[in-house]
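Two complexes, one shared chain (chain A), two partners (chain B, chain C).
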Partner chain A sequence: MIRDNARVLAAAFTSALADLRAIYTWRTWSFAWLSRILAQVAFYAVIGRLLGSAERTQYLLVGNAVFIAALVSLLVCASTAWERQAGTLPLLVAAPTSPFPLFVGRSAQWLLDGTMCASIALFVLSPLFGLPMPMPRALLALPLIALVSWSTYCFGLVLSAFVLRKVEVRNLVSGLSSLTLMLVCGVQVPTTFWPAPFPQLAEVLPLTHGLGAVRDLLSGAPAGVVVGGAALELCVATGWLVVAGLAFRHLAESGRRDGSIEFGD
Partner chain B sequence: MITVFGAAVWFQGLQMRRVANLSALVNTPLFTLALVAIMVHSGRSDLAPYAVVGATVIAVWNMAIVESGGIIDADRGQGTLEALISTPAPLALVVLGRTVTVTVISLLSLVESVIVARLVFGVVVDVHHGWLFAVTLVLTAVSMAMTASALAGIFVLSRSARTFQNALSYPFYLLSGAVVPAPLLPEWLQPITKVVFLSWSTDLIRDCLRPGAVPNALTRLAVVAGLGLAAMVAGVWVLRRILERVRTTGAVSFA
Partner chain C sequence: MGEPTGSAVVVEGLRRSYERKRQEPRVALDGIDLSVAVGEVHGLLGPNGAGKTTLCKILSTVLLPTGGRVEVFGHDVVTDTAAVRRLLGIVFGGERGLYGRLTARQNLRYWSALYRQPRAVGRQRSAALLERVGLADRADERVETFSRGMKQRLHLARGLIGDPKLLVLDEPTIGMDPVAARDFRTLVGELRAEGRTILITTHDMAEAEAVCDRVSLIDGGKLVATENPKTIGDWLSTYERVVAEDVPEDVAVSVRAVPGVRDATRSEGSLVVETDAAGAAGRVVELLVKAGVARISTGKPSLADVYLHVIGDRGSVVR
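== the complex of A and B ==
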């Protein structure tokens, strides 16, 4: 059972990498996509200059650079919906293996893409905006960014199970979700800026604790504080992964029962 | 000509009834909250109108590149481009009619943004030069529609229009001075902002929100219109080239 699922996961990941190669050439990734990502982070960071505050500039730079990992990972909503559009969803549900490991691996290209884009944005733009990056300590931001990618990906999988029934709204769901994370998870302003229940909501959303850990890491907080933030982000990721598993099981079972796998809205 | 233009406007209006085509307007309140929150949290509520302008520019430009920019690409994907170019109606006029509709609808984002800023943060956006503000908005909309028509043609030449639609978002928000005026950008970027009509528009709009006199208003309005017209001329030229090419090769759906 575990070996079967691992095999499915590996095959799905191979397919995900093929998708990435089909979407981008190295030129379009570097000059079109990555440029846009750098511009996005710079767009928010430069607001700090308008405010005349180096501290705000650095806060916005770190928040928006790490947010890129979440933003790209949420593309899982759109790419999962491609299975419906390609007409392959009924075949996947009819296969003897569970569709969940397949969907976990099927969009994993965004994990790599998101982690790389966010890391490059953080390390390339930091010197331009005067953000100190203490080495080698700052390199630990890389696994933290990967963790944020993973936790947001797990959250995105839950949304994907919904989007598979309403394919038309895939980009809308992905956009609204990413903006919600941007608003409440401490990207532009601290989570405590918003009234209840938003700070409490942020505690169970991806990005909040991972981003906090990156901020702690760069500000020289004790290792225990950084590890604590990372552990909380991992817990949030695991929670969303479990919910995603249940959501996909429900999708497959209810779809088989009412015939909505291929003929949902 | 008027009938063709009117039909194009009407057709696009019907297309825009789908909520998926209005995602920029759905996102506008959240962008407004994010940008105004930055100003308010920093104790600079006086800059909140900049955030309102920024959220509007994001929505208008986003709809221009995604909805308007994808018009010909979508027709090609649906197999309706062949029928469209075989009619005597000029394709550029049809595209312009459709982009005008998208642009007018996208301006609703300004109303959304002003209301959200008012309701959530109590921010009041005062317009001190009403006529100039209105003329700037109209000229900006016209220039945006013309620029979007050009993009619709240019995107057809790319392997993946989506890649370029994504790539043209934030770099233009930055260059258009959507939130932060061009003089605060790095010096090497500032000459580029001069050829982006939106940077002239956003500067004018911000000046309209201040009580003092607006310097060189007519010249600046002329630049907004001129840059939009230049984009339209380029767009018509690109469309002609595309039509010549696909009529010669017969590869309408595979241009």
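== the complex of A and C ==
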């Protein structure tokens, strides 16, 4: 069972990489996509600079750099909808293996993409804005960013199960959800800036604890604090992954009941 | 595969309806009974919306029936879904159902993993199937660069990757050129010889005649008739249509009196003559020519027209 699912996951990941290679070349990724990401993060850092505060500059730069990992991972909503557009959904539902591991691996290119973009933004722009990057400690931000990518990806998988039923709203869903994460999860302002229930909502959303852990790491907080934040982010990721599994199961079963899984053209 | 025995598919009183807001439910299948023997190539013929694809979806476990029972090799499609899925291969017509950014080989290996095949088996089966459908030399090219016919062949290979005992082919030759369609039919024959059971939906009566052991005609969600392909061929040769322009009324009356003329009606100034007996169309043309009518055309009726004939002739009895 585990071996079967691992094989499905590996096959799905292979196809995810093929998608990434088809979407980008190294040149278009570097000079178009990554440049746009760097410009976005730099834009917010410039706002901090204009406010005349190194602390705010660091807050905005770190927040927006790590947010990129979440932003890119949410592309899972759009790419999962490709299954519906490609007409492969009924074949996946009718396959002898649960399609959930496949959906987990199928959009994993965004995990790599998001982690790389966010990490490059953080490590390239911080020195440019004169912000401290204590080495080698700062390197631990890399696994934390990867963790944020993963937790947001799990959250995005839940949304994807919904999007597979309503393909036409895929961009709306990923746009609204990324906006929500940016507003309430401590990217631009602390989570406590917003009235209840938003701070409580932020606790169960991805990004909040992982971003907090990156901030703690860079500000020299004790290792226990950083690990605690990472552990909470991992818990959030696991929770959303479980919900995603249930959501995809519901998608398949409700689709069988109401006939919403189309067949061929 | 061993000597085929028994039924591969048993359908009893199958119903499927779809709920609609503030409207009566739409009935897609209305009490279908059908049996397909192991090793049989069974065609499902019917116009658009007849219920063919709905039946295929239920057999393929992507749609639940609202009534009746369906078994695939003794496994109920509702309660024993996992067992049914292991026995099943599905092939669509058209271009959907493949990953365009993957190569043909990657597509097959991907589906091999979903069919729980060990990696080595997946590699071997993928290579063998690509060879079999004539895509070995394009195996490592992206599918999005393939022609429609090549995609269709890859579809078939994908449907076979799990070594299915029952293959459901939904309009498999849509968009194929005549040579590809002929090769496809040859392949269906080979699969039959291997003992696989095949359920094929099609609009093409000639195709049904070429590949099927039996054919079921579905219309309006009901099974109209199950016949052997010879009968289908007879339908094709029996029903003919003659269309003539500028036919005087007295000549039209004579045409209606020709033996084998089922109907002769005026339509937008033309006389449309339907025949239902061998040779009748020839006699009508001869009569029209002798009467000085110059603008005459003949042809086979559309599939829908044949359905109407068959349903009109037999529907009340068979239903």
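The rule is short, and it goes like this: the second predicted complex is superposed on the first by the 262 of 265 C-alpha atoms of A that agree within 3 Å, B and C clash if a C-alpha of one lies under 4 Å from a C-alpha of the other, contacts with A are read in each partner's own complex, and residues count from 1 in each chain.
Here, contacts are C-beta pairs under 8 Å (C-beta built on N, C-alpha and C of every residue); 3 or more make two chains touch, one makes a residue touch a chain.
All figures in this text were calculated on a predicted structure; none of them were measured in a lab.
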### Query
Following superposition onto chain A, is the placement of chain B relative to chain C best described as a clash or a fit?
fit
### Message
Contact-wise, after the overlay, does A:18 reach chain B, chain C, both or neither (first, second, both, neither)?
### Response
second
### Message
On the A-aligned overlay, A:95 touches which partner chain: chain B = first, chain C = second, or both, or neither?
### Response
second
### Message
Output check: A:250 vs chain B and chain C. Expected answer is one of first, second, both, neither. What do you get?
### Response
neither
### Query
Which partner does A:137 reach: the first (chain B), the second (chain C), both, or neither?
neither
### Task
Examine A:87 and indicate which partner it touches, taking first as chain B and second as chain C; both and neither are also allowed.
second
### Query
Draw lines from the C-alpha centre of chain A to the C-alpha centres of chain B and chain C: what angle do they form, to the nearest 10°?
90
### Message
Once chain A of both complexes is superposed, is A:8 in touch with chain B (first), chain C (second), both, or neither?
### Response
second
### Message
Once both structures are overlaid on their shared chain, how near does any Cα of chain B get to a Cα of chain C? Whole angstrom is fine.
### Response
13
### Query
Across the complex, what residues on chain A touch chain B?
23-24, 28, 32-33, 35-37, 39-40, 42-44, 46-47, 49-51, 53, 56, 60, 168-169, 171-172, 175-176, 179-180, 182-183, 187-190, 193
### Task
Please give the residue numbers of chain C that touch chain A in the complex, ascending.
16, 18-19, 53-54, 56-57, 60-64, 82, 85-86, 88, 90, 92-103, 106, 109-116, 119, 142, 158, 162, 170-171, 174
### Message
List the residues on chain B that touch chain A in their complex, please.
### Response
18-20, 23, 26-27, 30-31, 33-35, 37-39, 41-42, 44, 47, 50, 160, 163-164, 166-171, 173-174, 178-181, 184-185
### Summary
The answer for chain A against chain C in the complex is residues 4, 7-8, 10-12, 14-15, 18-19, 21-22, 86-88, 90-97, 99, 102, 255-259, 261, 263-265
